[in-house]
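Both of the next two complexes hold subunit A, though its partner changes from subunit B to subunit C.
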Partner chain A sequence: MEMWETAGYHPGLGETEVQWREQTFEQGGERRRVRVPVPDEKGLQRLVEVVRKNRQTDLASLSVSEVVHRIDQTVERLLDRNHPLRRRMEDWLPVVTGLAPDVIRTGLTASMKTFRKPQLLRWLAEDFGNPAMLDSFQPRVNGGFTRAISPHLLVHIWSGNVPGIPLWSLVSGLLVRSAQIGKVASAEPLMAGWFAQALEEVDPKLARCLAVVGWQGGDESRERLLFQEAEVVSAYGSNETLEAIQSRIPVTTRFLPHGHRFGLALVGKEALNPARVADVLRKAARDVAIYDQQGCYSPHCFYVEKGGVLSPRQFARMLAHELDIMQIRYPRRTLSPREIGEWNRWNQQAEWRALEGEEAEWIGGDGRFWSVAYEETGDASLLPTCLNRAVLVSAVNDLEEVAGRIAPFRAYLQTAGIAASSRRMFQLADRLAETGITRICALGHMTVPSSGWHHDGRPVLKDLVRLVDVEPSAEVAAEPHNPYSE
Partner chain B sequence: MDLKSQRVLVTGGSRGIGAAIARAFARQGAAVAVNYRENREAAEATVRSCRQFGGDALPVQADVTDEQEVRRMSEHIFAEWGALDVVINNAFRPYPFDPEGRKPFSRLEWKDYRDQLEGVLTGVYHVTQSVLPQMQAKKSGSIVNIVTDLIARPTVPYHEYTTAKSAVVGFTRNLAAEMGAYGIRINCVAPGLVYPTDSSRHTKESIREAIADQTPLRRIATPEDVTGPVLFLASDYSRFMTGQILYVDGGLVMS
Partner chain C sequence: MGEKEVLQGLKDMMKAVEADEAAFQNLALQLFQYQYRHNPPYRRFCQSRGRTPRIVKDWWEIPAVPMRAFKEATLSCNDPAEAEAVFMTSGTTRPGKRGKHVHPTLDIYNRSMLRNFRQRFMGARDVLSMGILFPRPETLPHSSLAHYLSLAVREFGGEHSSYLVDGEEVHFSRLLHFLREAERSGEPCALLGASFHFVHVMDFLEQEGLSFRLPEGSRILDTGGLKGQSRHVDPDVFYAGLAARFGVPRHRCINMYGLTELSTQFYDDGNETVPSKKSGPYWIRTRVIDPVSGEDVPYGETGVLVHYDLANVHSVLAVMTEDWGKAVEGGFILMGRAEGAEARGCSLAAEEFLRSSKG
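Let's look at the complex of A and B:
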């Protein structure tokens, strides 16, 4: 029997007032169908009005701490593995995304954990210093007052199959108390709607300030209409997709594009001894395997320093073994024909490079669901890789060289995982920060950004709001008009 | 490994390790009887996947701790196939491998031990009693008892479970000593933590990581990992081995 699931969340718009797009997902012989609500332009306009009105009556009046409390209660439900929605997530997402059930389960828990109350409070403090400025004008240290004004409507365009992404977006929008409309990604259309349902259990009024729907990406008339109404548009996708979206956004609407990016890792010679390397390798392989490098934070290249007890070449071979183990623990998802094409091309190139001389090696081939290319000449032609567990291990004399090597990728860099001593880690952080890297973390943590991270170097929440200042001059100028002024 | 047309019984064969073993025998061309206690649907699914390899397979219901049911099951198999060449004693009483939820010794009652001994040892005893006469008559046969590497290294002290499995090792060695005279071999396979199975789903990721970190082959076992050594002990490749334990745990235990 084929199983069905309904995606989306569309308050104020009935079942029959939207069209339904059907999607089929197949994985390991299992076939499941998802129907995604697709409103027409009139429906979309209605959703805009409904979520905006609901925000005005039910969300705008809540204090930021009340909102935090409700999000906390929502994720508490979703952290409970026996909650019906959580069970649906664990049941459906492996089939929909193709990711291994263990990846989904641990990934869901890890991302939900970042949205608990203490983490949310830290995130707010990170972005605003004093989060009360979301509620009212707050005094500034050097005079005057500032208040953060929420956007009345925030629009999200999601892409890809990493289930945590829509959560980040929706939670950010809630924290700044904005009405939100999100367009689901066809690769994973379910998560956002489930989150809205969980929120509905906690506070139905709050949930009805969100809408989650779908339409054919690039649909000009729907997107123009929506972007016209939005105050902020946040979008994920390739640079081409983002440029197309940008062309439809009025200049008065703020656009927050999140393009494709990739990560890399640096392993210092101090980590390359038999006692420490096992832990480093386990974590490195994990960062590659989780989400099959689909995340913008996933590592494509490991820069490994010469001079340790173990050589970079040995590191590459041992990494290959760890990736082999990962295939048993977290099997890679089935690749699409397009991905297989890219995989074959990249591997062919890696194999050719290896045949050219001793300075390169390729560990991969038939029946393997991972691929490791090794090189020691500084050749970066294999970067970025073809994804899906393909990595380059590049030997360097000194990790200080890495900054120069990655300079050509400046616009595409995001996370760097580092295994090195404390002093060197900070020295490297300084160098990497100048190259375009915006996040430095431990190996093993690359796919789990901490709460309040500066996504692509931006303060996520602050970017959504408008800061309104009351300057000291206004305060001073008001004084003489007071009835009690003498 | 020539197991073609061998007649094999796998107890507790509907799910987890047992199902993997049943399929592995079927892949080698053996006829497999898949024993189950309650989950008929799972047993039938295993039987179907065995038949896909072209050989015979049948689901056989019996609670192995019940002498009558075991006798009935064996008679049913003998009626179908004439005899059994290989028996894999894999069934055990459901036990949640939950390191955080396990009972410490102070909270264990004798009943807990008795339950496990009955669940594990009684089953092995009944099944072995019911198949040995015909193995003795044809002067051949191989019995493999599935135990655990915890008997040598109690990474987590699951007292009652591991004690019962240790009893199976004693049972195996005594029987091996006596049955050698008939050309019948009895051995044990001792897997480490196997994931995923219904029993190990309570074992948290962090515990699995910790065990994998200590394991030379750097991971924990899958149900399929256990099948190779079982097939080996069932086949003539191990014809001069009896009373032995093969550890299948990536090198965690070396003995």
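Let's look at the complex of A and C:
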């Protein structure tokens, strides 16, 4: 029997008032169907009005700490592995995304943990200093007052199959108390709707400030309509997709594009001794295997320093072995024919580079679900890789060289994982910061950004709001008009 | 067996009208042995696949080199510095890094091209006035197509033959002159060149409101395909356009499918209907394989094309393309280039990076 699941969340629009798009997902012989609500333009206009009105009556009046409390209660439910919604996530997401059940389970827990109360408060403090400025005008150190005004309507366009992305978006939007409409990705249409349902259990009124629907990406009339109504549009996708979206957004609407990016890792010679290297390798392999490098934070390249007890070439071979072990607990997704094509092309290139000379090596081939290319000439033509657990290990004389090597990728860099001593880690951070890298973390943490991170270098929450200042002059000028003024 | 014997065997084979399975098999295995011995990266490749001359017993077992290998390695049995020609790919997939095909001598390449061209394009004629819509070899010394076309003009071009491209742009007044002269003379002529130049020419003629009726027996040869250019043109529209603008019936509009990495070309027998069937002479054979397993797909199903070209004497005879196609009686249908995958997550993948750094 085929299993069905309904995606989306559309307060104020009945079952029969939307069309339904059916999607089929197959993984390991299992076949599941998802139906996604697709409102027409009139329906979309209705949703805009409903979530906006609900925000006005039920969300705008909540204090930021009341919102935090409700989100905390929601993720508490989703952290409970026996909760029906959490069970559905663990049951469905492996089939929908193709990711291994263990990757889904640990990934869900890790991302939910970042949305608990203490983490949310820290995130708010990170972006606003004094989060109370979301509620009322707060005094500024240099005089005057500032208040953060939330957008009436925030629109999200999601893409890809990393389930955490819609969560980040929806939680950010809630924290700034905005009405939200999200368009699900066809690669993973379920997560956002489930979150809305969990929120509904905690506070139905709050949930009704969100809508989660779908339509064919690039649908010009729907997107123009929605972008016209939105105050902020946040979108994920390739630069081509983002450019197309941008062309439909009025100049008066704020656009927050999140293009595809990639990460890399640096391993210092001090980490390359037999006592420490096992741990480094395990973490490195984990960062590659989790989400099969589909995340913008996932590493494509390991820059490994010469001069340690183990050579970079040995590191490459040991990493290959470690990736082989990862396959047992976290098996790789089944690839689509197009992904296989890309996989083959990258591997052919890596193999022939290795056949041509001694400075390169390629460990991969038939029956392997990972691939490691090694090189020591500084050639970056294998970057970025074809994803799906293909990595380049590049030998460097000194990790200081890395900044120069990655310069051509400036616009596409995101996370750097570092295994080196404290002093060098900070030195490298300084160099990497200049190159376009926006996040530096430990190996093993690359796929789990900490709460309140500056995604692609931006203050996520602050980018959503409008800051309104009351300048000191207004205060001074008001004084003479007071009835008690002399 | 040395180079001389292999070359002689090949020349003898090309003189024959047809070759049987045994002759192809025999020469392919000899050539494989020769290339295995004289081409170190290829030898290492065969060793890593466990397929050496001692093990390979049939031509289809000869390890096929992916096209990408021509970019990464020098696949030549001879010193590239002494080559008569080095043909390079246009570098559409990886900017800066172009595939190289080293030809120590063009002797075999030219024989292969001429014999095949006469049979597949010239029909019953020895000479045709040719209008060439592609730069001369002097302008593009590393283009195999420029060489191919110059060879066609040299061997089969009538006295009114003319290059209709200056630098890399179509010279429209010369083009109009060529077409008007051809119409006036009543002698059949041929237009040959890159598909995208034909697109530009048709745009121009449409804009000017011009069309021609080239004399009965005239022919058109286009090559290079219609994808990846400034705009996509449907093949059906393209050939209908050629017929309408030049008065050359679609069954005389021939499409040539060639690769820089090969020394032999494929042709169809006109494009009355598309997609047309492509086929080559008896010294080249094509398999359709599953790119994952490397095995033949069931007959008629879609797979990746692998060509075994005996005229590729000095490089590697077995080349795995990035083109999809399917086998049909007496040839194959070309279905186009395998496209890169759209990333599923938010990570940047190789193909997207290449697309964006190109454009």
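Here is the rule we use: the second predicted complex is superposed on the first by the 486 of 486 C-alpha atoms of A that agree within 3 Å, B and C clash if a C-alpha of one lies under 4 Å from a C-alpha of the other, contacts with A are read in each partner's own complex, and residues count from 1 in each chain.
Please note the rule applied: a contact is a pair of C-beta atoms (placed from the backbone, for glycine too) under 8 Å apart; a residue touches a chain by one contact, two chains touch by 3 or more.
These numbers come from a predicted model, not from an experiment.
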item	value
Room on subunit A for both subunit B and subunit C (clash or fit)	fit
Touched partner set for A:R21, first subunit B, second subunit C, both or neither	neither
Which superposed partner A:D102 touches (first subunit B, second subunit C, both, neither)	first
Centroid geometry (CA): angle subunit B/subunit A/subunit C, rounded to a multiple of 10 degrees	90
Which superposed partner A:T385 touches (first subunit B, second subunit C, both, neither)	second
Subunit B versus subunit C as contact partner of A:I165, first or second or both or neither	second
Partner, of subunit C and subunit B, that touches more residues belonging to subunit A	C
Partner chain in contact with A:R282 - subunit B first, subunit C second, else both or neither	first
Which of subunit B and subunit C A:I325 touches, first, second, both or neither	first
Least Cα gap, in Å, left between subunit B and subunit C after the two complexes are fitted on chain A	22
In the complex, subunit B residues that touch subunit A	196, 205, 209, 212-213, 217-219, 222
Residues of subunit A touching subunit B in the complex	102, 106, 278-279, 282, 321-322, 325, 328-329
Touch list for subunit A against partner subunit C, complex	159-162, 165, 187, 236, 238-240, 258-262, 291, 293-296, 298, 300, 336, 338-342, 344-346, 348-349, 351-353, 355-356, 365, 381-387, 409, 412
Subunit C residues within the subunit A interface of the complex	41, 44-45, 48, 66, 68-69, 71-74, 94, 97, 291-292, 322, 338-353, 355-356
